[in-house]
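Down below are the structures I want you to see.
Shared between the two complexes below is chain A, which pairs with chain B and chain C, respectively.
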Partner chain A sequence: MALGARGINSALTTGSFLASVEATFIIATAAAILSVLVGTPFAYLLARSDFKFKEVIDAIIDIPIMVPHVLVGIMIVLAFSSQYGLGPFLQGIGINIIDTMIGAIIAVTYLSATYSIRVTESAIKMINPDVELTARTLGSTPTFTFTHVILPRIWKSIANGAILTWARAVAEVGALLIVAYYVYFNGNYVYPASIYIYVGYEGLGLAGIVNYSAALLLIVLATFIIYRFVLRHV
Partner chain B sequence: MLLQLLNVNLTLGTFRLKSVTLNIDQKEYLIIIGPTASGKTTLLKTIAGAYKPSSGKILMDGSDITKARPEERNIAYVSQIFSSFDPMNVQGNIEFGLRARGVPKPERIQTVNEVARDLGIEHLLDRVPATLSGGEQQRVSLARALVTSPKILLLDEPLSMIDPETKGSIIRLLKAIPEKYKIPVVHVTHEWDETYALASLIAVIHQGKIIEIGDPEQIFNEPRNYHTAKLVGFYDMHKGIATPTNSGSAITLENGLELRSHMKISGPVYACIRPERVKLNTSNEFNKFEGRVVEVFRERFGYRIIININSAEFTALVGSKPTIGDMVTITIPEDSVHVVPTTGI
Partner chain C sequence: MKVEKHGRSTMAYAVIIIGILIGAAIGFGLAYSAYVPQINSNNSKITALNAEIAALNAEIDSLNSSVNSLNSELSLQNSLVTLASNSPFVVGAAGTLKYAFGSVLTTFKGLYPHITVAPPLFEGSGLVAQAENATKQFSLEAAADTTAMPSVLFPNLANYEIAFGQTQMVIIVNLESSAGLKLYNMWKGVQGLSAMSTKWNQTWQQMFTLIALNSSTKVGISDPFTDPSGYQAAGMIRLAGLAFFGNMSELYDAIYDNPSKYYMASTETTLVTLMQTQHLDFITSSYMSNAIPQTGNSTQTGLAYITLPNFVNLGVLSELSYYHQANFSLSPSQLQPTGPGPSENFTINPVIYTVTIPIPSTNAAAAALFIQTLFSQTCQSILEQNGITPISPGIVYGSYTSIPSLIKSLTTPVNATYSTLFPTGS
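Showing the complex of A and B:
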């Protein structure tokens, strides 16, 4: 960041870079929201239930940690491209996944939600199940118990998981290289920020991209600091 | 009968509840006593609805509640460790069940105040549960359960986290519940003094099976099972063969000693003796033996000593401290030698 400090200003006034950061923030925020909405019930299930093939589900959730993300990108292409999997059907109803915001969101959500799920799962496991049983025997439904007994205790963990998911989504390169090298956003084709930096490095070399790298680092760092500050004071 | 468990079986990992049958009446204070890992908490949670039996039935007022969810049973469960609903204060914790049932706020406040006053915790309502003592937390747990007017109150080792000083007041409080609130209590513990103080009915559980049910006097003085006898304070359990005599039976122990009991019984038995019934240096026609002191332990009311007699160990409680190696003469009154058959162990 120190090397690129002098050029941060110029990076922050470059339209293509700002569009790229904007698209990336939208993709990452959508991934964080989806990971909370889908991941929290999943985390609860994993923390509290024993069921057949739980190990398989556990392993599937951990795939993003285990394999190169390029491979996950290929899996998504195989599942959704125009010639494979659900692709032809989705295209038939007007939905394109590859090289779109939707595709980018699907890819980074799957790759990043692991963090959200695992953080929330650990937080739920910290709560003695007797607390829930006590609440239930007092007449509380599972939903009321979750919203009034569990959620007040784990919301900070959920928020932490969400920000980790968000950060991981901003940082994603591998899968996006395959699924959404560029995305159609606000009437233009835009590179996600990580790809923008990568393409810039390939084309302009180190000296040409250091400003943008420093600017992206600054933006992400500022977001994290603000987030931590807010979380600490609520 | 208010609550009936009929041949309830449950498998939980490698643990099994085996054909549990229990009847709980109105105004009953049932204590399920058993050693660690005997299945008492599992049984309690099965009644609460946390686990569904693999077979058997649970009936409440004659209706089958075997598959009912915990919130549909109106059976309140108080866990061993205080289950605080953070970040609610004590008031919020106590009124939780009423809120969950949609009771309007003014009614909630009135009910909480009444029960809190009853249990002597009115002054704690604004406090955070984490700042309360063990005894106060237990009172809050009870209040939280009682405000919902449950049909049955389940208590999982309610005195285990409480200091001895507070125990007395909580025991008084618990004992009053069936009469005062018209709510029967099912309480599980491994402590036999707590059981003796509180129970109107006792069920003994061992390895997932109810092995004996009876009133406190029967269970404590005349247990019918080896494990019950061990659990309720019979320290010495000597295996032998009993033959009937005119006044009871003579039990020949494996080491050749002969013990006399007032109980008429024959065949392989365990002779069970409480240490407080073993006397030192008194005269008796039978059950008079000489042995060597091999261990001495300090107890609240004196000393517990182990005496070796012909390779069999006998325990006695004495007021003054003997020295290890002393020779002593013990006597055991015939009516203090309780006999249980070896079958069913």
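Showing the complex of A and C:
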């Protein structure tokens, strides 16, 4: 940050860099929202239920933090490219996954959702199950119990999980190198910010890319600070 | 009377003695004259033999000198081997050297089993140079053009590079695409035509029309700003435009001004992997050095490569001035996706591989031994098998005095003929 501070202004006025950051922010935000929407029910299930093969589901959720992310990228290509898995079918109905925003979102969502799920699961486990049972005995439906008893107590944890997922998605490189080296965004082909930095390092070296690295760090840091500030005062 | 008798006896003796002497002289003379030729002949033979002995002595001296030289070289080599065994030997090289250097490293490991060879990095020449600049991790570095290392490493991290091999641009075709198969068949047909004939020119024109001007075909290229083959492919396309269409822009603009026409990767070796998933028909950023191993058995891989005319393939040193017509400037903003950085000027030279031992080399001794191995007969054959024409002796750009003594005899300083291959100010 200190080394790149002088060049931050220059980086922040570079159109290609800003386009990369914009695309990355959209990808990361979509991943965070999807993680919350899909991850919260998962987290509730893991926190409150005992079922067959629960350990298997637990392990699958933890895969993204166990394996190299390039491997996850390869898995996604094998599942969705035009040659393999669901790819031919999806392409037949006009949906392309590889090197698209959709593909990037799928990749980073899978890789980052673990954080959201685990944070939410821990928060739910801290609530005494008797509180839910009491609500149910008083006539609440499961949905009403969740939305009026559980959710008010865990929404901050969900928000924390979401920002962690978002941050992880912004930082993703390995899977994106395979799945979405660049994406079509706003009428142009654009590198995700992490790939932009990597390509810049290849072509310009340390001295040339430090400005953009510092700028990206500043943007992400500012986002975090604003988010935490809002969360604390809501 | 007694005196007379005595006198007559003395005279007789004298006559006899004189007669004997004369007879002896005559006999000696006769014998001498009979044997002089033989003696002369023998003398000549003796002289000749002496000369031969002198020559043999000189040869022995020379051989002794060679033996001494070899002994000192062997001693140097042995001390280098000992030194080289103390730390890992790390190679950073252009991606297209992956196959040739892989085999050379296998030979090297066989020759020097006590030297630990770390996993090499084969990436774009630009990335390898930048990695060395940032981390100083390599023992030896090699690039696929003559400018990558001087522009990034000279003068503090390296002060010479040795040109050791030359290759040429080719086009890899996807035989599983109809356009790729069509191009390949056209290329096979053009091989039987007389070069520069009307039919030959027309066929090449049709081929480049299929590659560049056909809107349904897709081309794989590597990033010109991170990989030499990227800008060399652009140069090749410009030369093809000049040669077959009368202008450099027609083919070049048709590809590079149309982001949906191409797929760009950071290195050309990854493009082959992506050929199927990205529906690429052709890869123009290819050298023969990676096309040969990557296309392999066409029936199995579904890939093949086509060679190009000498005046566009960047593979002939004598065509240097023709190639330079295609020099161009490019800004990252002119390509998609757009990366960071300023506009650059690209010089279209023949494709030359260079190698250097960085100043902070992590194992300079092993690097010198590796270069010596590279110039061995076995490894020169390996280079040829991988589509690289060896340059021997290696041509040195930069500080010739910095070349290690072990490999100096394998190299020669750059001369006027080759100086234009290297950055200006050599």
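To be clear about the criterion, the second predicted complex is superposed on the first by the 234 of 234 C-alpha atoms of A that agree within 3 Å, B and C clash if a C-alpha of one lies under 4 Å from a C-alpha of the other, contacts with A are read in each partner's own complex, and residues count from 1 in each chain.
Following the convention adopted for this analysis, a contact is a pair of C-beta atoms (placed from the backbone, for glycine too) under 8 Å apart; a residue touches a chain by one contact, two chains touch by 3 or more.
All values derive from a computational prediction rather than experimental measurement.
Once the complexes are laid over each other on chain A, chain B and chain C both fit without any clash. With both structures placed on the common chain, the touch criterion links A:G92 to neither chain B nor chain C.
Of the two partner chains placed by superposition, only chain C is touched by A:G200; chain B is not.
In the superposition on chain A, contact of A:Y212 is made with chain C only, not with chain B. Once the two complexes are overlaid on the shared chain, A:L133 sits against chain B while remaining clear of chain C. One geometric descriptor of the composite model is the angle centred on chain A: between the Cα centres of chain B and chain C it reads 140 degrees, in steps of 10. In the superposition on chain A, contact of A:H148 is made with chain B only, not with chain C.
Touch counts on chain A: comparing chain C and chain B, the chain ahead is C. Once both complexes are placed on a shared chain A, the shortest Cα to Cα gap between chain B and chain C comes to 50 Å. On chain A, the patch touched by chain B and the patch touched by chain C do not overlap at any residue. Interface residues of chain C, counted against chain A in their complex, comprise 123-124, 126-127, 129-130, 133-134, 152, 223, 225-226, 259, 264-266, 276-279, 332-333, 336-341. Here chain A touches chain C in the complex through residues 11, 14-17, 19, 77, 81-83, 98-99, 181-182, 188-191, 196, 199-206, 208-209, 212, going by the rule given at the top. Note for the complex: chain B touches chain A at residues 45, 48-50, 69-71, 73-81, 83-87, 96-97, 99-101, 144-145, 148, 150, 154, 156.
Across the interface of their complex, chain B is touched by residues 128, 130-131, 133-141, 144-145, 148-149, 152-153 of chain A.
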